[in-house]
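Several structures are given next for inspection.
Presented sequentially are two complexes of chain A, the first with chain B as partner and the second with chain C.
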Partner chain A sequence: MKWLWSLLALLLGRGRRGAPAHVERQRLIPEQPPSPRGENIVLALLALAALCFAAFVAVYVLDRLPDHTQLLGLALGLGFAFAAAACIVVSRLLVPVEEISEPYANEPNVAQVEEVEQLVGESGSRLTRKRLLKVAALGTGGAMGAAIIAPIASLGPAIDPDALRRDGWRRGMRLVDSKGRPLSADHIESKSFYTAFPQDVSHDELWAPLVVVRVDAERLDLPHGRDPRLWAPEGIVAYSKICTHAGCAIALYRAPLNEATSARPALVCPCHYSTFDPATGAQVLFGPAGRPLPQLPLLIDERRELRAGGHFSNDVGPSWWGVRRGRA
Partner chain B sequence: MRIWLVLLAALALAPAAAADRGRDLYFANCVWCHGAGLQGIESAAAHSSPGNGPAGGPPLLGVGAMAAHLYLTTGYMPLRSPTQQPKRRRPHFSAPDIAALVGFIGAHGGPPVPHVHPERGSVKTGLTIFTEHCAGCHQMVGEGGIVSGASVPALKAATATQIAEAVRVGPYVMPRFDKHDISPRELDSLVRYVLYTDHPDNRGGWSIGLLGPFPEGMVAWLIAGIALLALARVIGEGLKR
Partner chain C sequence: MILRRTVRFLDERTGAAPLMKKALRYVFPDHWSFLLGEIAMYSFIVLVGTGVFLTLFFEPSLAKTVYHGQYAPLDGVHMTKAYASTVDISFRVKAGLLMRQTHHWAADVFLVAIVLHVWRVFFTGAFRKPRELVWYAGIGMLFAALLEGYLGYSLVDDLLSGMGLAIGYSVALSIPFIGGNLGLLLWGGPYPGIPQFESRMYIAHVLIFPLLIGGLLALHLGLIIARHHTQFGGKSKTERRVTGLPSFPGYAPRSIGLFFGVMSTLFLLGGLVQINPIWLWGPYDISQGTNGAQPDWYLGWLIGALRITPGFDLTIGNYTLVPNPFWGGVLLPMAVLAFLVLWPSIERRITGDNAYHNLLDRPRDNPMRTAVGFAVTTCLAGVFFAGAGDRFYASLAIPYAPQIWFWRFFAFVLPFGVFWLVRRFCEDLAAEDEAEPSSGYEPEPQSSA
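Take a look at the complex of A and B:
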């Protein structure tokens, strides 16, 4: 922040340090009266553009508004439109247009170069509030820059990284299907897969959706420390349905009818084909995912219904830089 | 008189003849992989050297007429090599031969060929079920795609019965869905939706292959890009004057 202010001060202060006295030359462009109206329009447009860019940042950061995406597009689009309009007004109303075309000379023509420099200098002579306009343009540019880099915030929470570690599963929570019906252990068949959610919790929570499959007992080879009686009762395993690569839903289950002649059973993400082995704690078999799917321990209650046996084994959702830090 | 007697005898023996036909066809075409008692043949070579060595195939006891009908009417069976992925092609057997084989395999137990009633289902419900269970692999309008290690067939050519059978059987690496997961009523809707995708109602006009965001994005970039270039040109020309 400090360096931003110093940069601003540097840019603004430049003009103040006694500009060298210009050698009076004959004007090339006839002098035109200043146009306060035009300047006001430019200032207003720049202010509007800055406001739109600021609104983009605000909408992006808030992230809770309805029609969020449309508002983002509107703010960014209007911001650029106002900035463009300001540029057009400057060029049409405030800066005289002068076209010079001359044959190209091989030797540098000092007189011509000076002439062009003079033209450039004079073309700004109509502006009366140069510093104010400069501040406005800088402000708008800054707001535009802020709007463009605002999405960096999505790379991970800088203030509250624990927000990514949210896991609402508690021991005893009942698993239900997408229509809210409890999942019975007797209805979980091998070679089939089931999507489950915690009862009475929004399906939009990152930790909520599960994929449940039944694994053959002889194939089961869970990581060290996961007791099959808790993590795979009767061969039933539950993993987070959210891929650890980019957060898509694990919507594919490769379930070979004849295992001897085709690929082994695997959970597959349809986005980038990350492939996980449900028998080994969802270790990555193939694809860009960098870590296994988080597993949820399970209980089978006296009514043969599935319930959570505790928390996930790892953090749910797509990976971020701190995902391996802290909890195992 | 003799002719009538022969005809009568033929009629009486017809079902037996069909069963014999099924048995003959099985022993002529299927026994190599599925075994003389439909018990399947285990093959260690199936893992290591596809195409060579003794063929290995899954047991057919209890798969029922349903699976036999699906695999034979889609041309999935017979396979050239047991490690090959079955692909849809013209059925290898004629319709009466398929009926005879389905009858022979169905006689060993298992679910019958299902009856589906897509006309009783709703496209809307079908879409919801398809999105939840099928679209991950088969894409939204049944165009097919890939899953790691296998290709996913398009559903354009599938008949109502074949769709219902595939849902219950889970051919090749497809998972299967039992009646607790997709009820018979829901299956009617699902089949109706899949049949609908053969001729979807493209409200937007141009379907661009119904492949989703990639072709749509390309069209947007190419057409919108050219339009923006043209606009920039018009503005530039306007400013010159």
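Take a look at the complex of A and C:
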């Protein structure tokens, strides 16, 4: 303990009192009694903090401990907690208590405000065609701004709404699952739901993923002009899997377990619960979506595999100004 | 002696001694609620520190790779380098998971502190003349921080971040006239965009937005110093004089203690409380989604707004003009931004009060403002809770559709009642103070500057 005190005395310069001061200066901060208890607490807290930080380094170096992340966080967090506690004790017990005061600036600098105005005004006193120059300067400034901003257009295809309308499906394209295996009409069961993609095309395009389900014949009620033989062969329907509301994947299929009491089967987007009826051309049953999911006509080829029968019924993906709601 | 020599050295070369003396004796009025802004600032420092660490390992690239790392369940899975490197940060980099989780927690705490700070400043009228510019800089930081946080978790390219980006794209697309082109411009093409989109988000997240927030922070603090901090009135605390602790030695240990306290909290959270375990979500694929997905808390009000908007687009014939995500994703946040930015002017217009205000109101002192603040807060709370509607449905089995109607009522009808009630309550409290002046303080007569 003794050596601790002497260390402290050295650090805080207590010994200074012994040396005669050159000039007896007036104190700027009022003199207040020491708090040995406070100093002890702070020293203890600092020691604990140092211990925790050292433990952090040790845990970091040792690495292969179980719960490595937890131990690291604990050591670092506790180290800072002790350091914080030390600071609080310093502020409570060891720092001179004083309250100081200063005036707020509650008046404008009237004279300088006027001088600024005058300086700027007089700076233009040699100009005769002020207004014309102002217009010219503004025009040049505008053009300069346009020149500086223009390269931003390199970011993407500017003014090209057709880029949003991309639909790569062509009549005869084979539908495959995520592993690239063809989808057979015989394997599409009712009350289940399948994700399909075009064969040999990147799956990372909004038009690519489809959701395929089988609908009961008596429920089928497609919009006017969609011949069930082309749009729902054997009751199988295919819709774009990308929600027309906010672009999420339609990842839920509400297929009733008890037909008598449950709601009708529906495709549901998990993001905002837009709900679409696969039996009626994916009309919106509930939720914020503003237009139905685009439907893809289907063919069943001689090997009973599913193929696209043409293009989507309307624009794929989330909506934008001017998107077509119904048939293109 | 060393100290004097150092100060002298600096003063001879910069003339900084008077400034240093002033800085040491800068006055900090004391109240616990003044610490909220500091907590935000210290969280920001932790964000920058942990963020720099993460950049040393994160690969902002959408190039495909096959994962063969420490985390066995993902072995052999195709994913982008962005996602793979984040999984590696979590499992392979020493202390990587600690830094990643602390970074994420710090972002959440940063926004909690900012929002509480905005409330404090609003309800006490601290934004009034001469401190409107401080308020504007603060609101700028709030919105920059929201975007910065969104960019941060979008970079990772796990399933949740991809779903968030799809929604962001749809919201961009929904803006009238320019939406389609804006979306194409930002993403470089139709969603999911060109590979460079990741680099664009990355530079925005690690440079542009941090610089913006840092710049606004410097402006915010500089403006506060220029006009001093506000204070609650009291003995020797008046409209004319600011009274409190000197920055040194009185205030410094408190503030440093708070800094360490924030660090402690964030590292304890980062080490002990799991957040965003991205290896469980799996890599993003546009054809996949998951039920019950939630964003970080500060974006809850935006997903809530998308959820409670009735399913309607503005249409003409076969064409959509304004798609649905616009109402909740653009209009609502813009309305909130406009409210926050315009409020100081609106209040000045209502009250005709153009005087300097250095003393803070208690919420009851201005029933109108307090009632408006509570009404707006109620509205946003309703929208916010609606964002968790799927969670209430899944975990409490509260049916979803009636819930949405409940939250609509909460957000757009309840605020009127709240406004009336809060105003009454404030007026009653103020009347009580009038009857018994000793319970309040005596404000100084206004200087009519």
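Keep in mind that, in the parts below, the second predicted complex is superposed on the first by the 166 of 328 C-alpha atoms of A that agree within 3 Å, B and C clash if a C-alpha of one lies under 4 Å from a C-alpha of the other, contacts with A are read in each partner's own complex, and residues count from 1 in each chain.
The rule we apply is simple: a contact is a pair of C-beta atoms (placed from the backbone, for glycine too) under 8 Å apart; a residue touches a chain by one contact, two chains touch by 3 or more.
Note that the structure is predicted; figures quoted are calculated from it, not measured.
In the superposed pair of complexes, A:Thr195 makes contact with chain B and with chain C alike. Within the superposed three-chain model, A:Pro256 lies in touch with chain B and out of touch with chain C [touch as defined at top].
Of the two partner chains placed by the overlay, chain B and chain C both lie in contact with A:Pro270. Residue contacts after overlaying the shared chain place A:Leu220 against neither chain B nor chain C. Contact with chain B, but none with chain C, is seen for A:His187 once the two complexes are overlaid on the shared chain. When both complexes are overlaid on chain A, the residue A:Leu93 reaches neither chain B nor chain C. By the document's definition of touching, of the two partners only chain C reaches A:Lys241; chain B does not. Residue contacts after overlaying the shared chain place A:Phe286 against chain B and chain C alike.
In the superposed pair of complexes, A:Gly77 makes contact with chain C only, with no contact to chain B.
Note on chain A: of its two partners chain C and chain B, the one contacting more of its residues is C. Chain A residues 91, 178, 195, 249, 251-252, 270, 273, 286-287 lie at the interface with chain B in one structure and with chain C in the other.
Those residues of chain A lying in contact with chain C across their complex are 29, 60, 63, 69-74, 76-81, 83-88, 90-91, 95-108, 152-153, 155-161, 163-164, 166, 178, 195, 197, 203-206, 208-209, 241-242, 245-252, 269-274, 284, 286-291, 317-327. Residue ranges of chain B in contact with chain A, taken from their complex: 42-43, 46-47, 56-58, 82-83, 85, 132, 135-137, 145-150, 169-178, 180-181, 239. By the touch criterion given at the top, residues 25, 27, 94-95, 97-98, 101-102, 130, 163, 166-167, 169-171, 173-181, 183-192, 194, 200, 227-228, 236, 239-246, 249-251, 253-254, 256-261, 263-272, 285-293, 303, 306-307, 309-313, 315, 318-325, 328, 356, 358, 389-390, 400-401, 447, 449 of chain C touch chain A in their complex. By the touch criterion given at the top, residues 91, 178, 184, 187, 189, 191-195, 249, 251-258, 260-263, 266, 268, 270, 273, 275, 285-287 of chain A touch chain B in their complex.
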